[in-house]
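Right, one structure below, let's go through it.
We call the chains A, B, C and D, going by the order they appear; numbering starts again at 1 in every chain.
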Amino acid sequence: MLKEHGLIDLENVAYTYSGGELLSEMTLSIASGAFYFLTGPSGSGKTTFLKMCYGALVPTTGTITIFGQDPRKMTRDDIALTRRRIGVVHQDCQFLDHLNVVDNIALPLAAAGQDTLADGANLKELLNWVGLGHRADALPPELSGGERQRAALARAVIMSPDIILADEPTGNVDWEMSQRLLQLLVELNRMGKTVVIASHDLSLIRAAKTEVQARVLRIYNKRVQLAGANL
Amino acid sequence: MLKEHGLIDLENVAYTYSGGELLSEMTLSIASGAFYFLTGPSGSGKTTFLKMCYGALVPTTGTITIFGQDPRKMTRDDIALTRRRIGVVHQDCQFLDHLNVVDNIALPLAAAGQDTLADGANLKELLNWVGLGHRADALPPELSGGERQRAALARAVIMSPDIILADEPTGNVDWEMSQRLLQLLVELNRMGKTVVIASHDLSLIRAAKTEVQARVLRIYNKRVQLAGANL
Amino acid sequence: MTTPNDDSGFPISHDTSRDRVVPPTGFTAGLTTFTSAAMAFLVVFALALALAANRLSDRWSAALAGGATLRISAPAEQMGSQLAQAIKVLKTTPGIAEARVITPDEQQALLEPWFGPDLPVDALPIPRLIDIREDSRGYDAQGLRLRLAAEVPGAVLDDHSRWQGPLVKAAQRVWALGLFAIVLMAATSAAMITLATRAAMAANAQVVAVLRLIGARDSYIAAAFVRRFTLRALFGAAIGTGVGALAVYLLPSKNDQAMILSGLGFQQLQWLWLLTLPPIIAVVAFFATRQATRRELRRLR
Amino acid sequence: MTTPNDDSGFPISHDTSRDRVVPPTGFTAGLTTFTSAAMAFLVVFALALALAANRLSDRWSAALAGGATLRISAPAEQMGSQLAQAIKVLKTTPGIAEARVITPDEQQALLEPWFGPDLPVDALPIPRLIDIREDSRGYDAQGLRLRLAAEVPGAVLDDHSRWQGPLVKAAQRVWALGLFAIVLMAATSAAMITLATRAAMAANAQVVAVLRLIGARDSYIAAAFVRRFTLRALFGAAIGTGVGALAVYLLPSKNDQAMILSGLGFQQLQWLWLLTLPPIIAVVAFFATRQATRRELRRLR
């Protein structure tokens, strides 16, 4: 069953906040190993879509299947275990403000009961990748906006998850840094990870297209559509 | 004295966090009525600079003069009164999560003891300008990332301040919306308000240059420099 | 009664929109209310205990009232004159309110437990007793003894308080302990309300940051928190007092033999004392939160 | 003593890294510690009061021990035989531990307050007294009276407990009230610690959100909070107990006349009871926080 479908499958999914229907009739499949961009105007439902993908929200109608499981039928422990296979970069990156950057990035390892120290070398490398090598001992409130986003990305990939869901991971960083972060995600994608990036930054998407075979999902008029080659 | 100088004057200002010197030897003046962009790599000190401009941080060395006053010599009440003349858009927009969008935007009026209802008409107009007319009754945690940024901008301008300091006000909104917000700021500038926008989005800056005589401040190597026409 | 979410009626500020900036709910809110309620409840009990002890010590004090007995042993033919002489002495002793010769019948009753009802008091050469009540000034027992020795040779002064005093002292100690417990709980309440306020302020650091950012003065921010917390404390104290009063009222100790500890409980006007409890706790909360808010605002600069 | 920020030594979990995810400081932390401390302090006092009352009621009960006096009025020539007869009856009455004829000297001493030292007890036709101590079973006063009426015509049984009982009852009531206060405070502590935990959880909603996001199980999150709060409660209770014990120890009530309320205070082994207080409060805190955490985790889904 997992073979036939993607990592995450949506079937006729709709989502309604108290305000009204936001997303509807979404049927699509996030294919394993693919690289996706998710775009659409502000308030169109990108974050909502991603939240359904990692089980933080359940569809109002329709069915979503995450790694072959329906989140409605999963216990909270099941959801916790599933989350370890999903790296999430939240739009408003949240950290434990009393732990320093390294500890925050290594937190998924601690929560999964893995030894933090064994991965010490990797951790350092990762920190340098996101340009936070010199800020390792800083507390999250001492980071700049862009630094926080990079730390969130580092935390999302530390468990080497099967799929990475990043919500505007480059919203607060300069062009050079955003290229570097994109590079990191592209490399992870080449290692077989699935990547979904929500972004309104069309120039970023264009730049990525030169590096990777990216598919662009576009939320328009409550529907998610696969955008063509033209952007 | 206020005549001769700008709204905010920095003289040989340096700022040092516990980590080390971040900004140094900054001598510049924010001229009344001008339109500034503040740019620089992530972590270069844009937010720090803006925080000094509204008195949230005081320089480690050197002197900053805000509306002719030295924040080091101001009481907390003085600072509060000064803040009413400064509209600030924080990078991580903060709201009172238990009040709805309208009340949050009108909060500066309430804190200043002004009647909220008298400005009712304006408030509605402003909400529509930032595209939040339909979300007026929502609570801040129910807003999307871009919606929050727009609400923060609306709150910053509601008191009709002398100067607007906006930290990445378009980091989470799509191109179309960012143009619209820029338009709002340009109009305010035409009405005589001083505007300072910290942003790493060069295309936004380029777009603005066609509309307004904008000066670009660039943080580079701990110094703030006025960038030339070439960007 | 004003509920904590109700903005009307408490005269700290007329600007009711002001404390809307403080989130209305949350567990620090519940904590303050509950703390006040619990403390008020305990204070009601301590008060009941203290008042019962006070009543008891009053009653015993009154019963003794510096009570003393003058015992006169004399041959039957001198008894009359010695009694009269003793009364004369006592009447002229400052500090003695009353001196009364105990009649043979009363004496018979007093002795009955020891000798049975058939004792011929009149026929026996037993001493006669004079009951002495001192007034508020008290009398000088030593001086009285000296005078009596000179003028009424057969008289012996027996001072009851020598052996009944400890009873009164014990009751007074319970009363003092009750007051001590009340002071202790008031201090504890104040400390807890202070801590709850600071916890709430810390939890609402973002609220403070936002208000600072938009140019709210410290006094504006402080007033919002103080008002909110004072109202919560008042509300909690009212509930605690009410429940406490009900519990004291329902305590099954009324129909008991009222001799020693006349049961916990308030008498008539004492119930009115309870009405002062909630305002007192609210005032304590007011100053505690004001202090806490100011400190926290300095800290969160 | 383990401090709340010290991760060693408390055997809830060996994974000491675990509760680092809960912010170590903050006023909800102080609140929990202070609440436990205050409650432990008050419990120490309530315990002291209760124990003092218990001692008192024990002493009085023992002193009375169902104490009674048998008074025998008889012509001098029959007195000896009636006394002997009465003792015989009493010795065969079930429930009476001891019966002792009070000697003339003792009787003289008892009567001295009333008649002075010169009373010729022997020469007077005053009754003789027999002191009766009942054993734990107690005796049937009514039955004894009937037997005595038949066999010892001059005997009258005077049951002390008739008028001394209320004293014992009063002391027992103080003891019961002390226990009641302790239970009340334990309940209050539990409620406050629960509220403090929930306040802390609410204030740390972001911590919970982050931990959920990165795939931490509820049990992991809960354990961190429970451990932290149990340690804080233990720490606070230890401090409160220590300070309370010191205060009781220093209370100036020792050299007082020990007759009625023998002073607040603990005697010898009773001090050891105090050692059990902190663990008990910690256990209460453990269950209170576990309950609170689970509920809060469900709420913050």
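Note that a contact is a pair of C-beta atoms (placed from the backbone, for glycine too) under 8 Å apart; a residue touches a chain by one contact, two chains touch by 3 or more.
All of these numbers come straight from a predicted model, not from anything done at the bench.
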Path length in steps (a step moves to a chain that is touched) from chain A to chain C: 2
Please report how many Å separate the Cα centroid of chain A from that of chain B, as a whole number. 30
Hey, how far is the Cα centre of chain B from the one of chain D, in Å? 67
Averaging only over C-alpha atoms, locate the centres of chain A and chain D and give their separation in whole Å. 62
Chain B and chain C, separation of their C-alpha mean positions in angstrom: 62
Note the residues in chain A that touch 2 or more other chains, in rising order. none
For chain C, which residues are shared contacts with two or more other chains? none
Please categorise the chain-chain contact pattern as a line, ring, star, complete graph or other. ring
Pairs of chains that touch, anyone? A-B, A-D, B-C, C-D
Chain D residues touching chain A - in the complex, by the definition given at the top: 17-18, 20-21, 23-25, 206-207, 209-220, 301
Per the touch rule, the chain B residues reaching chain A in their complex are 17, 19, 40-43, 46-47, 91-92, 131, 135, 138, 142, 144-147, 150, 167-168, 171-177, 200, 202-203
Using the touch rule from the top, collect the residues of chain A that touch chain D in their complex. 56, 76-77, 80-84, 86, 88, 90, 94-99, 103, 107-108, 110-112, 116, 155, 159
Which stretch or stretches of chain D touch chain C in the complex? 26-28, 30-31, 34-35, 38, 41-42, 45, 49, 71, 73, 110-111, 113-116, 118-119, 124, 126-127, 129, 156, 158, 165-167, 169-170, 173-174, 177, 181, 184-185, 188, 191-192, 195-196, 198-199, 201-203, 253, 256-257, 259-261, 264
